[in-house]
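Chain nomenclature is as follows: A, B, C, D and E, assigned in order of appearance, with residue numbering initiated at 1 for each chain independently.
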Amino acid sequence: MIWLVFAFAIWALGWWINAWLAALPRTRLTRLAVPVIFGLTLIAVWEGIVHGLEISPILLPAPSMIAMRFVASTAILWEDFVQTVIKGALSGYVLGCGTAFLVAILVDRFDFLRRGLLPVGNFVAALPVIGMAPILVMWFGFDWQSKAAVVVVMVFFPMLVNTVQGLADSSVMQRDLMRTYAAGYWMTLLKLRLPAAMPFVFNGLKIASTLALIGAIVAEFFGSPTRGMGFRISTSVGQLALDLVWAEIVVAAVVGSGFYGGIALIERAVTFWHPSQRH
Amino acid sequence: MSVISAQHLDLTFQTNDGPVHALRDVSLNIEKGEFVSFIGPSGCGKTTFLRCMADLEHPTGGQITVNGVSAAEARKARAYGYVFQAAGLYPWRTIGGNIRLPLEIMGYSKSDMDARVERVLELVELAGFERKFPWQLSGGMQQRASIARALSFDADILLMDEPFGALDEIVRDHLNEQLLKLWARTEKTIAFVTHSIPEAVYLSTKIVVMSPRPGRITDIIDSPLPKERPLDIRDTPAFLEVAHRVREGLRAGHSHE
Amino acid sequence: MSVISAQHLDLTFQTNDGPVHALRDVSLNIEKGEFVSFIGPSGCGKTTFLRCMADLEHPTGGQITVNGVSAAEARKARAYGYVFQAAGLYPWRTIGGNIRLPLEIMGYSKSDMDARVERVLELVELAGFERKFPWQLSGGMQQRASIARALSFDADILLMDEPFGALDEIVRDHLNEQLLKLWARTEKTIAFVTHSIPEAVYLSTKIVVMSPRPGRITDIIDSPLPKERPLDIRDTPAFLEVAHRVREGLRAGHSHE
Amino acid sequence: ADDVTLQLKWVTQAQFAGYYVALDKGFYEEEDLNVTIKPGGPDIAPTQVLVGGGADVTVDWMPSALAAREKGLPMVNIAQPFKSSGMMLTCRKDAGITSTDDFPGKTLGVWFFGNEFPFLSWMSKLDIPTDGSDQGVTVLKQGFNVDPLLQGQAACVSTMTYNEYWQVIDAGLTPDDLTVFKYEEQGVATLEDGLYVLEENLADPAFEDKMVRFVRASMKGWKYAEANPDEAAEIVLDNDASGAQTEEHQKRMMGEVAKLTSGSNGALDPADYERTVASLLAGGSDPVITKAPEGAWTHVITDKALN
Amino acid sequence: MSRSVLPVTTVVCAIFALWYVAAIWLNAPWAYDKATRTGELLNAQSLILDTWSQKKPKLPAPHQVAVEIWETTVEKKITSKRSLIYHSWITLSATLLGFALGTGLGIALAVGIVYNRTMDMSVMPWVIASQTIPILAIAPMIIVVLNAVGISGLLPKAMISMYLSFFPIVVGMVKGLRSPDAMQLDQMRTWNASPSQTFWRLRLPSSMPYLFTSLKIGMAASLVGAIVGELPTGAIAGLGARLLAGSYYGQTIQIWSALIMAAALAASLVALIGVIQRVTLKRMGMS
């Protein structure tokens, strides 16, 4: 009971502080502090509820327990991180986004391809990739290569569709201007279409960044060496080590958010000119 | 030989509402060094006609030659500079970068580019704004940058589509004066679209009045005004006389009333 | 008692480039039934001033009252109709639906609404277009619909921000005439922003000339023209005389040159 | 009627025929029970479901049940329909495996999710490290099927006598191509497919009574299934909502499962239990359980049910 | 429309051709493996025929998948557990429920974010973080936890599909509800409109194009969620169960047919939203 009251009190306090901060003029500090306080509040409420309702740690461990496990298992977490994130997700992300970008330029160049490939692409993009995972594991083996392949498949179409859309985004007038200069295809691509496509390209990159990690982890459920975040999660559930499972999830969330944030930062630098970046 | 010569130009847009006759049997000759204004109600085909000259639109009938060759060849030879109705600067390039754009495409040397950018920026009184991005400038300044961009390379023909539409009267007067000076100095041939009767009369050696549905030329007025034109010329009877004739021409072709 | 009374109004915008003084020590009284035009170069604070009257902007200093109460109270009492610089019709509503919008919000009865929509549509000569969507109309017609919307409910004050900016000269002349007629008939108090000197002179009983950085009033000209104004009045010496004074006032305050 | 929910360890198949037969033949109904059978799956941990209250009783393997008990989760074995273990390691001869001495340097497929314990015990008994070093073996987390063996990605994979082994055979490999290590024969067999409940529930006489009736009916189901394997397989097929099982495979599976259950009347043989515990405790540096558990099984239910 | 028929058929044909070639390439090792064990010799023709007709191919040939789909849709009663239509229906019901929940949650959050400054500043980063959690990892836990509080059956699956679908909807609707420009909002102020009037008459209508775009993405995500949710429910029924069962028994043909079916389902659901979008926007005069 005390714990529940504690949870509720923390919630009220956190909300009150945030409401107060949000009413202040926006600065870099408040913009950072508000979501952090919100997150801390959530965690405190979670802690309170787990203790208050006496939820079994096998169903939902308390944040304090997860934190302790996290500290105690950094070596394992690091090993899994390298296997899944660096080898699986990152390589697949780079490969998938890279090829999608090049294919997008090709598709954009040939109208025939655009009209033929995009509808088919939309169909293929609707494939639930979860189903592709066992197949790709079968094709590419157990190690990180198959994880990278799953990631490639997952990120390819969002990236392709966004880039193609972006390449078509320049206005008629902007393109006419290039014609008045008698600029050729490559000149127009380089000086107009690619810069104009950047907001879309980054949109694709951001979507792909959350997909990449999920893809790599999910693929590990269908066969893996004895390391990796997906491996650890599924094995640990079997061993009822839920605290380790959640520690892995924390790593995934932190890495995923960091990845997303990093790309958003680059986006800010590259597409500084776009109205959406100027409030 | 005329710099621009249109013979019986027809242009019909196919739309899902049926065909739109944007131009019908339009014939016009523009000689070297002329300053020709196009005036007419909204939708009468002024922009379309200018775009035909620039090979941005393809007539469905008739003939158009620029510098004695087809419009397409003239475009490929980079015979003209075009100023669009809206400024149309690339937001990811600075003002300087925008002006440099055609020069890069046409392969000017680095030092030549720098000199030209500086010169045209001074011409439109934007010196010191080279490093700014378009959205950091007012609409009028952007419009001037876009004019500078069209002037930066050596084209003898200047096609301008309502370049001063977004500007207030005083700035507009000023730029009108500047444009006249530039034209007198460089002997360019200029085709100029406007909505403003005083502007058309003040600037032009020839005023083409158009009317819509289908777009055609209803009147061509040769201006009796001298080449030297102080702003006060707008209060002279000769000026008002021409303005009156333009207004009558416009009113006749106007669908309203 | 003045309908609108501004005393030593100051308004400074805080931007990341530092403060922008949009209005500085602006004082003005507008009496019932007056037609006041605001003219001045781009960025001199005309829109800002109008927005202060409408309680869309909050002055950082000074006092403004509308109908004797604060601007906020006047807004809540729905004391005015506001016509924005662009037409700003909702694309998902028909012309009729757009005009009905403020009436719905203010809770008019269904039959009253219908009657009012019909009346204002006739007023701006758009009868028969009630069922059309905005994009099915030309720019001028849209602008008229937006004026109709501001007229549909019973506000004695009309605040208009360059309502005819996007129109060509002929249509503009026509609407100017209509507006004058409406004003004569209804005795509304009108504040009207424009860039065009002839328009300001033709319409107003009082012309307020403003100048920028910081925005302030440089001249207030009471028009000697009669209330009855045919279009030809624009060629009379009295008219040209006022226009000249406005132009001089503008030029003096202009940063250019 | 009293409600009982049974959580299976795996998907609907003849491995669980006894329960489906008891349900289908009305044996549960005769005991005044209203039984719901929840199929398991690759990511269902039966213990977790039990703790969450999603089931009253579950089918689980003893190693994972004992590991859970040591984690503070008091699982109790109330009946043991499977007498012997069906687990094996199936290897390809052409991968160079004819005896356990050939393991070092090879890649072996192993099930995880709580099923890795018997394998780890065995390897520590053989003194073969599982870290992928030259003297040790490389362990793969095997997916749900025997592909790694067929594709040549692993030299051996884990199989059950009644299931995966036949998938290998169906795929076209013959018993001559294979070397098979049965855990029973290697002396590392652990008890499989027992019925487990939470200790705290057993304290309740009403629950105890329910379980007595449940076990009695279930064993009746098992014995019926042993006697009528084809009919039992049909019943299983009827209950398979995924529609993915084939008659041929289920009949064969039933035949093999019958071999494992025939030695049991339902009561846990304490000797088997001791053997399992000993095997799990002998896990070398990283044993599955660190001390012999207490109270991990009871004969209370089977005594009442079977006499 | 008709202009894209030729390109699409060309691309589809190219894909099939590639697919057949890939089938030869991927299935050949097993064919050789079999041949060496039986000691027979393979010529090119029998190799190709074998690779296109294996029982458990690494990559089934298109016609094998087509035959399987035909047999499990047209030739089975739709109430049969072996009918793909039956399984599609199970997945579809979870998808639709999850989609409805996700849309509701997404819109509610978006309204909160747009109207409440505190929510605006605090919620969004966590919504993004929530999507970086590997759903398959927590799906079993969600199912178990919901089971613990007595919720089972359709709802747990729908919750997972909601978890995946609310994200695109929040993002799209926040953008959409903020799409009215300052002038339109000022207009509402000049009429002294209340917040709810502003919402219903301005913000909501102007968010429509964004709403439909995000509904399309959300629908596809919902389907993935429903399938993921079916895996840990013990592969009882549904397309996810077919995928898993196929994978469990190495039945690649079954996996592929379930996959194709799922893609077709997703494509038609998205197309359906497209139709609704066109009708709605047309009636609103926005297309």
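Quick note on the criterion: a residue touches a chain if its C-beta (ideal position, glycine included) is under 8 Å from a C-beta of that chain, and two chains touch if they have at least 3 such contacts.
Everything numeric in this text was worked out from a predicted model, so none of it was measured.
Chemist: Give me the fewest steps it takes to get from chain A to chain C if each step has to go to a chain it touches.
Modeler: 2
Chemist: List every chain that touches both chain A and chain D.
Modeler: E
Chemist: Among all the other chains, which ones are in touch with both chain C and chain D?
Modeler: Where chain C and chain D share a partner, that partner set is E.
Chemist: Is the C-beta contact count larger for C-E or for A-E?
Modeler: Answer to which pair has more contacts is A-E.
Chemist: Compute the centre of every chain as the mean of its C-alpha atoms, then state which one is farthest from the centre of chain B.
Modeler: Farthest chain from chain B, going by C-alpha centroids: D.
Chemist: Of the other chains, whose C-alpha centre is the longest way from the centre of chain C?
Modeler: So the farthest one, by centre of C-alpha atoms, is D.
Chemist: Express in whole angstrom the distance between the two chain centres, defined as the mean CA positions of chain A and chain B.
Modeler: 50
Chemist: Determine the centre-to-centre distance between chain B and chain E, using the mean Cα coordinates as centres, and give it in whole Å.
Modeler: 53
Chemist: Measuring from the mean C-alpha position of chain B to the mean C-alpha position of chain D, what distance in angstrom results?
Modeler: The computed centroid separation for chain B versus chain D comes out at 85 Å.
Chemist: Please report how many Å separate the Cα centroid of chain D from that of chain E, as a whole number.
Modeler: So the centroids are 35 Å from each other.
Chemist: For chain D, write out the residues touching at least two other chains, lowest number first.
Modeler: 42-43, 45, 48, 51-52, 143-144, 147, 151
Chemist: Two-or-more-chain contact residues of chain E, please, as numbers and ranges.
Modeler: 58, 136, 140-141, 144-145, 148, 231, 247
Chemist: Which positions in chain B touch two or more other chains at once?
Modeler: Residues of chain B touching two or more partner chains: there are none.
Chemist: So which chains actually touch one another? I want all the pairs, not just one.
Modeler: Per the contact definition above, the touching pairs are A-B, A-D, A-E, B-C, C-E, D-E.
Chemist: Please give the residue numbers of chain A that touch chain B in the complex, ascending.
Modeler: Chain A residues touching chain B: 171, 173-174, 176-183, 187, 191-192, 195-196, 198, 271, 273-275, 278.
Chemist: Flag every residue of chain D that touches chain E in the complex, lowest number first.
Modeler: 8, 11-12, 38-45, 48-49, 51-54, 143-147, 150-152, 167, 170-174, 177, 240-245, 249
Chemist: Taking the touch rule as given, give the residues of chain E at its contact with chain A in the complex, in rising order.
Modeler: So the residues of chain E touching chain A come out as 3-4, 6-12, 15, 26, 58-59, 117-118, 120-126, 128-138, 140-141, 144-145, 148, 220, 223-224, 227-228, 231, 239-240, 243, 247, 252, 255-256, 258-259, 262-263, 266-267, 270.
Chemist: Quick one: which bits of chain C touch chain E in the complex? Just the residue numbers, please.
Modeler: Touch residues, chain C against chain E: 51, 54-56, 75-78, 80-82, 84-86, 88, 90-94, 101-102, 104-106, 133-135.
Chemist: Within their complex, state which residues of chain E touch chain D.
Modeler: Contacts found on chain E: 29-30, 33-34, 37, 55-56, 58, 80-83, 86-87, 136, 139-141, 144-145, 147-148, 152, 231-237, 241-242, 244-251, 254.
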